[in-house]
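What follows is chain A paired twice: with chain B in the first complex and chain C in the second.
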Partner chain A sequence: MSGFTISRRTMLTGSAILLASTAMPTSSWAQTPKKGGRLVLAADSEPRNLNPAIVASNGVFFISSKIVETLAEASFEGKDGLAPRLAVSWEGAADGLSATFKLREGVKWHDGKPFTSADVAFSALRIWKPLQNLGRTVFKDLSAVDTPDDLTAVFKFAKPTPFQLIRNALPALSSVVPKHVYEVGKIEDNPANNAPIGTGPFKFGEYKAGQYYRLTKNTDYWSKDEPYLDEIIYQVLPDRTSAAAALEAEEIQLAAFSAVPLADLDRISKVPGLKVITKGYEGLTYQLVVEINHRRKELADIKVRQAIAHAIDKDFVVKTMFLGYAATATGPVPKNDPQFYTADVPTYAFDVAKANALLDEAGYRKGADGNRFSLKLLPAPYFNETKQFGDYLRQALAAIGIDAQLVNNDSAAHIKAVYTDHAFDLAVGPPVFRGDPAISTTILVQSGIPDGVPFSNQGGYKNDALDALITKASETLDTTARTDLYKEFQKQVAADLPLINVAEWSFISVASDKVGNIANNPRWAVSNWADTYLES
Partner chain B sequence: MTLVLLRRRLVGSIFVLLIVVIGTFLLLEAAPGDAVDAYIVSTGGDAGMIELLRHRWGLDQSELTRLANYLWALLHLDLGQSVTFSRPIRDVILERLPTTLILMVSATALSFGLGSTLGIYAGARPGSLRDRFLSVASLALYAVPGFWLGLVLIVIFAVDLRWLPIGGVETLASDKTGLDRAADIAIHLVLPVSALGFIYLALYLRMMRAGMAEVWRQDFVLASRARGLSRRRIVLAHVARNALLPLVTMLGLQSAQMLGGSVVIESVFAVPGLGRLAQEAVAARDTPLLLGIILTSAVLVILINLLVDIAYAFLDPRVGASEAGA
Partner chain C sequence: MRRLRRFLRTPEAVAGTILLTVLFAMALSASLLFPGDPQAIAGPALLPPFQDWSLPLGTDRLGRDVLAELFHGARTSLAVGLAAAAAALVIGAVVGTLAGFAGGLVDEVLMRITDAFQTVPGFLLALAFVSVVGPSLGVVVVAIALGTWTGPARIARAEVLSIRERDYVAGARVIGMRPLEIAFREVLPNALPPVLAMSSVIVAAAILTEAALSFLGLGDPNRVTWGGMIAEGRAVLRTAPFLSIVPGIALVLTVLGVYLAGEGIVETTAVRRGLS
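Moving on, here comes the complex of A and B:
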């Protein structure tokens, strides 16, 4: 257990924790799991559509990953970072035109009907490709899914598709839903979207809006003896301070996804019976990024962007704003990614004098009031840390003579202002790295994306060489060659600074000592929890 | 008399409601971002998906068309479909209304009951030590922000003492029924009702006290003193009774503020009521849902004020007569 419990002091010793965590061996548990019990945990939002095949987002997975399973799940020790779930093996053809999945035998849907390759084919072709937020990109060239027998699904692609991408996409994008439930009527209006039917260790019980979600044990689960828990209750606690209070009052046993604010962790880690856990989110890394509107003539100048990069003290941001629970960033791939990350990129040390010199060189001299020019700065409101970084960035920019005016919006207004109206000069955003740069990372700097697409390049940045590199990587089938291209991609982004990567962070869980088998995979909070248990 | 009042109020109310609906609609339209913008914050998505969603949720129609459609449906007593819940708005609201009503009625009873009692106690001897203490203490409560008072109550009574639950409206998934369930709900409501009620307590206390100070100077008090009535009888039967009238008016006005205050309290205590729903509807830019909530609240406030007027007519016949005759 000691391997998982990390005090704030040890966290502060280095931001290399995020890097180290993937290399950490998994500890074996001394206790044998107990059966039974009800796990109560905090939920801060209430997703209405619980179908993870349509909405691939952490908020939905948090609840529905226990009900609806994917073909494979992320794993610390498995080959290529994967562990089998509904598929037991997978293989991509050398020409990139097909991928074969062997499926698990003896799996039943919660309504008793058998799970077959027809369900996989239906989910892939009718839901992931046309409807899913991420699948629409990754599976865009999927043309057919052949089902030679009940336990084999062969994905056919119209254009060569790197199998590495498909493999990396499996944990988040491959939720399989039952064909017999969804084949009648409009998929988006299916009642099962609000009361999902899956193959997972837990069945959907009930949802009381504003109060709780209740999941109950699937006694017919394919993995014998699992799950251990009888019930999982997600208690809706909209106020962020109440999760900590509920843990202390022993009304809940777990608060995942940083439901307990960073500032409270020090205090709560001293409460007997509670532990703070930083593991189990390695596959859900968020990046703190300064988005830049290149339509502003000052910001179109590389020297100005370099000056801004030099003005940001990344170590300070990690230590003060994230209280050490983060790592500094070097480029568009986070340090804790085991496949693609490279440290061999241009870096920008914190150096105010150099930043000022660069701005002078660029021809933006300080005026009589000490200002060179003014900018509109829009911090995204989704996280405390993005808002706080907005305040910090304003000060950091003031030190180099750039007057930044903060514009604070709520989520909907921010999305519209930045990604549709382009009414910003600088914005602070938290894009997610999803295990492969092609899923949601290259889109941040690629040109030619229509207006209004969130979390994409809406800053008017256009770099033909970088666009060509992204296209080439998306067509390269060989894993090594493809990985190398993405290393080159990181170098070019860090050199030209279409955006500035500042830090990388993930979430933190606070749990009662009684909860066992926490954080045993890199996407633990959004995995199926079949082996989670409660000590009596 | 009451019938005349009712009829006149009904006609006025329809205009009020129409103004409320159109005003809210325009305000929400002026807020940047629509329901799709709010939705894609947590999902992302490409241009095609966004277009699909706008079409599905009818957001690709012009504002005027949507307002006209809404009003037409409203004429048929149809509140429409919630974008975020994908359910009829009537059902969503009816599910939350009882919780908010219980919270509001209990909190009002607490602040009105305790406030006026303490007000009588303080006003019976104006300028005394107890009068000053109560005035300062109640003002301090009034100055405290609602969420802070709520959090302090949680820390003391739920975390440290563990006498009461930290939040929610009943024990989760407990399958309790009947009296057991009622008792369970009552225990859960102690803290939120206190937090909401104590804030407005000062208002009633001070009004009562000020009213009594005023009445003390009236001739009939002097007269009853001269008749040799006991001080107790003068305070309760003559002074307090006359000072109570303005408080009843306040009760009606206060109901609107209570609804506003419940937004914060419902969030802090995780109570699934209308206030929290309104907050969520704004964040999600779910215009029809918010319109439904505001309409419900407006009807509620109008009804409460109507009840207050009827009560007033009974308490002070002069008021009822003048309203009916005018």
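Moving on, here comes the complex of A and C:
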């Protein structure tokens, strides 16, 4: 027990330093931004396709959100949590059959051509709806986009579509690409996917595989005086331990997306000239989830699923694995979501005795070797934490007499094993909550999704009541009624446990004190950085 | 007896033997000293060594006992090292003997296959094999053996080429033994000593390859391995370096022990041969 206080104390000092460090930059924000300079930062992956309209993922946004802009960006202060970008205003019709966007005047593409409503119509109909990983769901009923003039785009829907959903989807799903570049040839093979052309504050410079991406200032940006930076260099540092060293050596000025391992934060926060920032990722919450294959007869039993939920010590996971940089989860919507979250759901306290009793009740008694049955456990390889949680879960299950055998795969093999071949009993996954349950959360439990769709219900779970609720919510136009339906959704998921939500976490940035205007919106790392600057 | 005394007179042999004895003792006593799952959570996370005497070497990021992991890891390292080396020697000796004894087309075919395996770096071959088949202890053993059997095969063949011309082989032929019988009962046993002399190098290399595979996440995830421990510790290298250093030292001492003991044996037998 004495050791436990040590870890709690280090945790507290850690969070105290964090508080201090988040308070610090506020004072420097008051300074007037300085123009010029080159920002060098760490990149841990090298996406090949940089078109955010096709691949709406954080790895792509991290680089291309500076080049290609969306209609609106997430905001701490703005109405409905949005700030205008390429659209200046938006309004949904009462019948849910149309949505009108007024576009910004005087915007030019990086090649000099003017930006018009035709570009928006083209992007929506030809890319977001048919090709984009997330847009396929959200824009499935989009039938046409009318362009009465160059600065107005009217989205027409075949079926009533809640405007709340469209609004919540704008920051991640509405990247606008130029029609004149993409209308010739096959969109997927367009060279602009690798060297994007957009309206953003930075232009694509060059990419050297394994070395860096270089973005240069767009001198003709629509917001006068912006951007402040001359250049952004993404230094490819795939090794997580090297980012911290590079920051200390002042080779890079920023490491976003937790490129610095959590265990190093306490030490690095004491390095003069560096600050640790936990803000700026509120709109990008990852969920640590135990995915369950309901085809296994043991796991199809609700008592067994409840037993597994009781066997997981969520506080331990948050304190030991995430060192406090996470929150325990209660259900499929994260606690930090301002619109939909409800705490009024069935919860499962850490209770090994109860878990054992539930398993006995379900008829799975311990054998001579102390085991009830054996399971295959596949932790997703994307994050250190998902792998580590796999190790932890194996121990937690051993404590209730379930023998879990770990199977490690690389990314491609993991996706195939879980989402196409269903060759798993339990899997550990990191789905993302994107501001609205209809974007990427309900498909985790909905039935009838074809095999091979990654990050969807591939566990063979089918619950008619829950399916009906999801369909009803997707057709409900009234914001309050829709929100209430999603609260009911959280209750039913927590009660029936199609999957087990363990924790919610986001990322940490470490930056040099010289970098200004950091973390000033909830999706900062994947926003356009027009106002980011460097003090000399 | 004289040989043992001579063996013990070489200091490197003694050092190697002591290291190996300790290692075997660790591997054999792992279940007695640390019963149960070595990966069970035993205490607070990231406890430094020599703080709590119930966890003398401290704990890792999940609070697992590093000493228990070290003992159980010795087991995996030795098991994989010995099994892979044994497999490599058996395959190598059989292939080499067949090629050398049969000659002609069989020799050509077998040696070209050996060439093909030799041109691919052994570690790359192991890496590819494990990532295709999926990591488990047996697969790792086969993967390592795949890259190491070529050395013994070539040596066995060279040795067999000279042995097959000896009188007792001709004698065996005269009394009507079948060719395969001659190859494996008369020739192979006499061709073995120089092949076996390689074994220490092969065991050492196999242990290192296993550690490298585990380090890259291609070891058996349900077993403790030293390579896996080093990889785990790498994420916290700056704050808790002991997590990587402790299994690293164990690995160095093991490979050194195997190598020194092997050298000692080779030296002793060489001296004996030289004298006789």
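The rule is simple: the second predicted complex is superposed on the first by the 508 of 536 C-alpha atoms of A that agree within 3 Å, B and C clash if a C-alpha of one lies under 4 Å from a C-alpha of the other, contacts with A are read in each partner's own complex, and residues count from 1 in each chain.
Convention: contacts are C-beta pairs under 8 Å (C-beta built on N, C-alpha and C of every residue); 3 or more make two chains touch, one makes a residue touch a chain.
None of these values were measured; they are calculated from a predicted model.
Looking at the shared chain after the overlay, A:55 reaches chain B, while chain C stays out of its contact range.
When the shared chain is aligned, no partner comes close enough to touch A:483: not chain B, not chain C.
When chain B and chain C are set side by side, the one touching more residues of chain A is B. When the two structures are aligned on the shared chain, A:152 is found in touch with neither chain B nor chain C.
Touch criterion not met for A:517: it reaches neither chain B nor chain C.
Of the two partner chains, chain C is the only one touched by A:264; chain B is not.
In the superposition on chain A, A:410 makes contact with both chain B and chain C. In the overlay built on the shared chain, the residue A:320 is in contact with chain C alone; chain B does not reach it.
In the superposed model, A:212 lies in contact with chain B only, and not with chain C.
Of the two partner chains placed around the shared chain by superposition, chain C is the only one that A:395 touches, whereas chain B remains out of contact.
With the contact threshold set out at the top, residues 241, 409-410 of chain A are in contact with chain B in one structure and with chain C in the other. Touching chain A in their complex are the following residues of chain C: 37, 39-41, 43-47, 52, 61-63, 131, 134-135, 217-218, 221-222, 234-240. The part of chain A that touches chain B in the complex is made up of residues 40, 45, 47-49, 55-59, 131, 133-134, 136-137, 188-189, 194, 205-206, 208-212, 214, 231, 233, 235-239, 241-242, 245-246, 248-249, 251, 382, 409-417, 420-421, 440, 449-450, 452-455.
Those residues of chain B lying in contact with chain A across their complex are 31-35, 37-38, 40-50, 56, 84-86, 92, 95-96, 147, 151, 154-155, 158-159, 162, 165-169, 172-173, 267-273, 276-277, 283-285.
Within the complex, the chain A residues that touch chain C are 3-4, 6-7, 240-241, 244, 261, 263-264, 266-267, 320-321, 381, 384, 388, 390-392, 394-395, 398, 405-410.
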